[in-house]
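Got some structures for you, see below.
Both of the next two complexes hold subunit A, though its partner changes from subunit B to subunit C.
The block that comes next holds the complex of A and B.
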């Protein structure tokens, strides 16, 4: 049945258009970017050497890793709290939790970043309110710094962190929890010593997804960082459009892909892909 | 039905997270009603001037129409390509399927900024030969969006194919149906929900795409997110707040209707 000539022709005819499209419109230009990184402005490994020596590039890499780490910890913890209710709450609680997760998920990243500007800026909701009750006299600096970037990114990434956690929590056998309670374990103790360890694969998966997403994040840091807390993605943009240095922009892109690829390989050794969605 | 319910501490923490998630969406409402020309909280008087400027300023309407056109074209391209590819995978189960599917999913996994640089390279290269299809043209943007959305469309169609009973295809084959008849009259009618979802998701992803669009447009192909971006970077235009409120309301309505329909289909009493 399988492998006759006409079958192979049929498969090839159906699969070829998309494969051809992605080879021409994605794989080939990506090789072009790799070529840029080795040839612009002069052929050689100069751009990669610059990556290791340039202070600005180094500080951006370190800032990106730091922000990504903080965002990962906060997002996974927050996502855990709401996922518990989404998966195990009463029907009404579950409906409300689902609404709170899915509405932000479907709203564009720009609208969400703008919402944080409206809340956190000098003339925004929080500063206006704190000043009107006389708690502060000068507005607090809540955006155009790393704090704003971390808040905005955490907000964006919580829904993504929820899905692997929900999948892990749905698949665990709740009789174990009842057994622990029946044997006299307190609610707290059951949660920390039985429930959390049993969702470990979900925690790892969700942390990896959030971390990988944070590394290449562009829009939220650019809006909420206001140019003062530049991350890798914005640095690539600046190198390509503001100080035309395509070689360096391309080299940073290549390094980012290699780094993310290595992280993903590590992830798939520990978590099965089906646990990620 | 879980019988082990979250306790009071879990509930309080979840409420805090829920507030955090909803707060920025609610914050745009008062800003959109400010009478001021700049971003500010309304003090006393409310005004609809920013909603009016959405209608009166032709740039908003133009960019909305452009975004719709790009969304429709790129969604059509990515749905058709994804459908053919998935049918090939499902009907013929060729060797190297896992590798080929992995390749197709790359634009979804690679950091968007790297895809953006890649598509910038592609479109600037095309621009050297053709001026209506390349950097900063609507066709170029539509093609770039197809690259970015096709993995999502493929995943959705492959998932709905995986739930299809192979025996109906075997029966059609045994009765002498050609490949074309099997695909169009047996398989596709059974996965039409998946195909429509793939097309809708591709449209939505293109409609709100900004990361790649920023790299491949400058002054001509100003999509709606691109126009919002320009208003957000320079001095913040409260018209964006008005637009955001409208987009949020549409999202909430669509999700409410969807959840209502899903509940009806499952036979649960809709709330």
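The block that comes next holds the complex of A and C.
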């Protein structure tokens, strides 16, 4: 027991700097934000009432949820396919998949957002190419709208969706798949009725991570949405730096944090943390 | 393996399997009879599991052909062979209930809902899992999971049931119970059973025939008493149980059997000296030797000195050394062992002529 105790103390000591940093840099300022939400411009619940009645705030909330949901479904589905190749493919396939997963981490989110603008804008690569082969006459609206935001966010989030899935697929008992085939099940059927259900915890973990990330996305929607597809984080920014309406901005932040916190609590109830990495 | 409800007859001809430079299985030819209970026995890495995986279709042999009821199935994928299979660790579907696990092979075969319900119900009753239908595998004990695995592998009436060390995870008492259950299922279904184990007592207790493997080679196939009493070689003799080996000189045929000199005394054997001439090894199981005050004339016997005894409850294991220094172990009644140790330790070891057999000297 003494060993365990000192081990625990050692672990606590190792975590202490990080905890201290989190408290000083996040928890303390956040308490200040909570205070603003109840005191600016006048003390009371006024800002939270405004949240419930403000059409703009509500439409942004709904748009954020919708975009986050779509991004989650697309990212997890794409990540699932990549992860299957990464975990179960031939050595060459694994190498290619690993490359595709890791390279995006080396490129800044800003660079990638502008990269997508270059690809998707009216005079971007895709539209010019489609026009040159005569497939379309007018450029398609691929950016400065929800579509562009979804493309950019999905691209950013797929690598994050991969890790919980890979963890679930790696811990799967190979013999169960053999058993299914031995009992007469085709590869396709085995994949859908045995493999996919057995990676459920990975799918849930992956979806939660992507969804929570999406809710607070700022840079990508700001650039690829072009001000027309504003999401919550951008709205908070506008309220605080441009309106300025600090009280409302603070109240939106608090609601977002509480909502994400509740989602995380739900996640950890269904999936063990060790299955997320 | 394609006709449901009918035991399959399997023929393996010249099957070999190499993994890189490792020879897992070498030139194996074996007939598995319709409805027989064949055990593949051997130490780990002997090739027995590789052969089972080849039978199931999970592993492709590098050479040789495999026939089921006369049809060449060597290149047929596992899902089309549909041999029932029970894996080590059971490999149940963790996300499906007991019922759904057992129904799986029937659903794959697109049976009607009524038929599935009927056959799953029957199978659950047969393996004694009534009341556990809705549980998940993780909520069951090891023995119950084992039953689910058996039910799932038998419900679609496969021509052959393949079992890969199915009892290795069970404790001893449960193991005995499951062995009895398996024997009963074999009789009731009449299906061909091919069973892999490294436990020789399990192999002898369960099977109609035992196939003994070592280093990728099939060494001997035969009924349990056949391989136990008349092993072809040293490995089989030693693997199936404790055995005494005495050097034998001047072996030659005599009448229906053979004779030779053991520690300068003439001894006779009922077995023929076909494979051996001159020097050989005389092998006798401990329980087939007895202790006597002196050897009667014409009886097989040599002088020995008792050194130590181990009390085993029902009998005593007695360790002796012969005059020429060979170590011998016999299993004798407790009072005989006590008397042998007290009486100046010098005794005669005797054995009936039909219980000694000849093995080639040296090697395997």
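Heads up, the rule we're going with is that the second predicted complex is superposed on the first by the 252 of 277 C-alpha atoms of A that agree within 3 Å, B and C clash if a C-alpha of one lies under 4 Å from a C-alpha of the other, contacts with A are read in each partner's own complex, and residues count from 1 in each chain.
Here, a residue touches a chain if its C-beta (ideal position, glycine included) is under 8 Å from a C-beta of that chain, and two chains touch if they have at least 3 such contacts.
The model shown is predicted, which means the values in this text are computed figures rather than measured ones.
When the two complexes are overlaid on their common chain A, residue A:21 makes contact with subunit B while staying clear of subunit C.
Legend: residue contacts after superposition of the two complexes on their common chain; A:173 is shown touching subunit C, with no touch to subunit B.
With both complexes placed on chain A, subunit A has more residues touched by B than by the other of subunit B and subunit C. In the superposed pair of complexes, A:269 makes contact with neither subunit B nor subunit C.
Once chain A of one complex is fitted onto chain A of the other, the partner contacts of A:249 are limited to subunit B, with no touch recorded for subunit C. Residue contacts after overlaying the shared chain place A:200 against subunit C, while subunit B stays out of touching range. In the overlay built on the shared chain, the residue A:119 is in contact with subunit B alone; subunit C does not reach it. Shared-chain residue A:184: touches subunit C; no touch with subunit B. Judged by the touch definition given at the top, the superposed model places A:108 against subunit B, while subunit C stays out of reach.
Within subunit A, the residues touched by subunit B in the first complex and by subunit C in the second are 178, 181, 187.
Interface of subunit B with subunit A (complex): residues 2-7, 9-11, 13-14, 16-18, 20-25, 27-28, 30-31, 38-41, 81-82, 84-85, 87-89, 91-94, 100, 103-104, 106-107, 109-122, 125, 143-144, 146-147, 150, 154, 179, 204, 208, 210-211, 214-215, 225, 228-229, 232-233, 236, 240-241, 244, 247-248, 251-252, 254-255, 259, 271. Those residues of subunit A that touch subunit C in the complex are listed here as 173, 175-176, 178-187, 189, 193-194, 197-198, 200.
The residues of subunit C lying in touch with subunit A in their complex are 56-58, 77-85, 87-89, 91-95, 104-105, 108-109, 152-153, 156. Residues of subunit A touching subunit B in their complex: 2, 7-8, 10-15, 17-19, 21-22, 25-30, 32-33, 36, 78-79, 81-82, 84-85, 87-90, 92-93, 95-104, 106-119, 121, 123-125, 128, 155, 158-159, 174, 177-178, 181, 187-188, 191, 212, 215-216, 218-219, 222-223, 232-233, 236-237, 240-241, 249-250, 253, 256-257, 260, 264.
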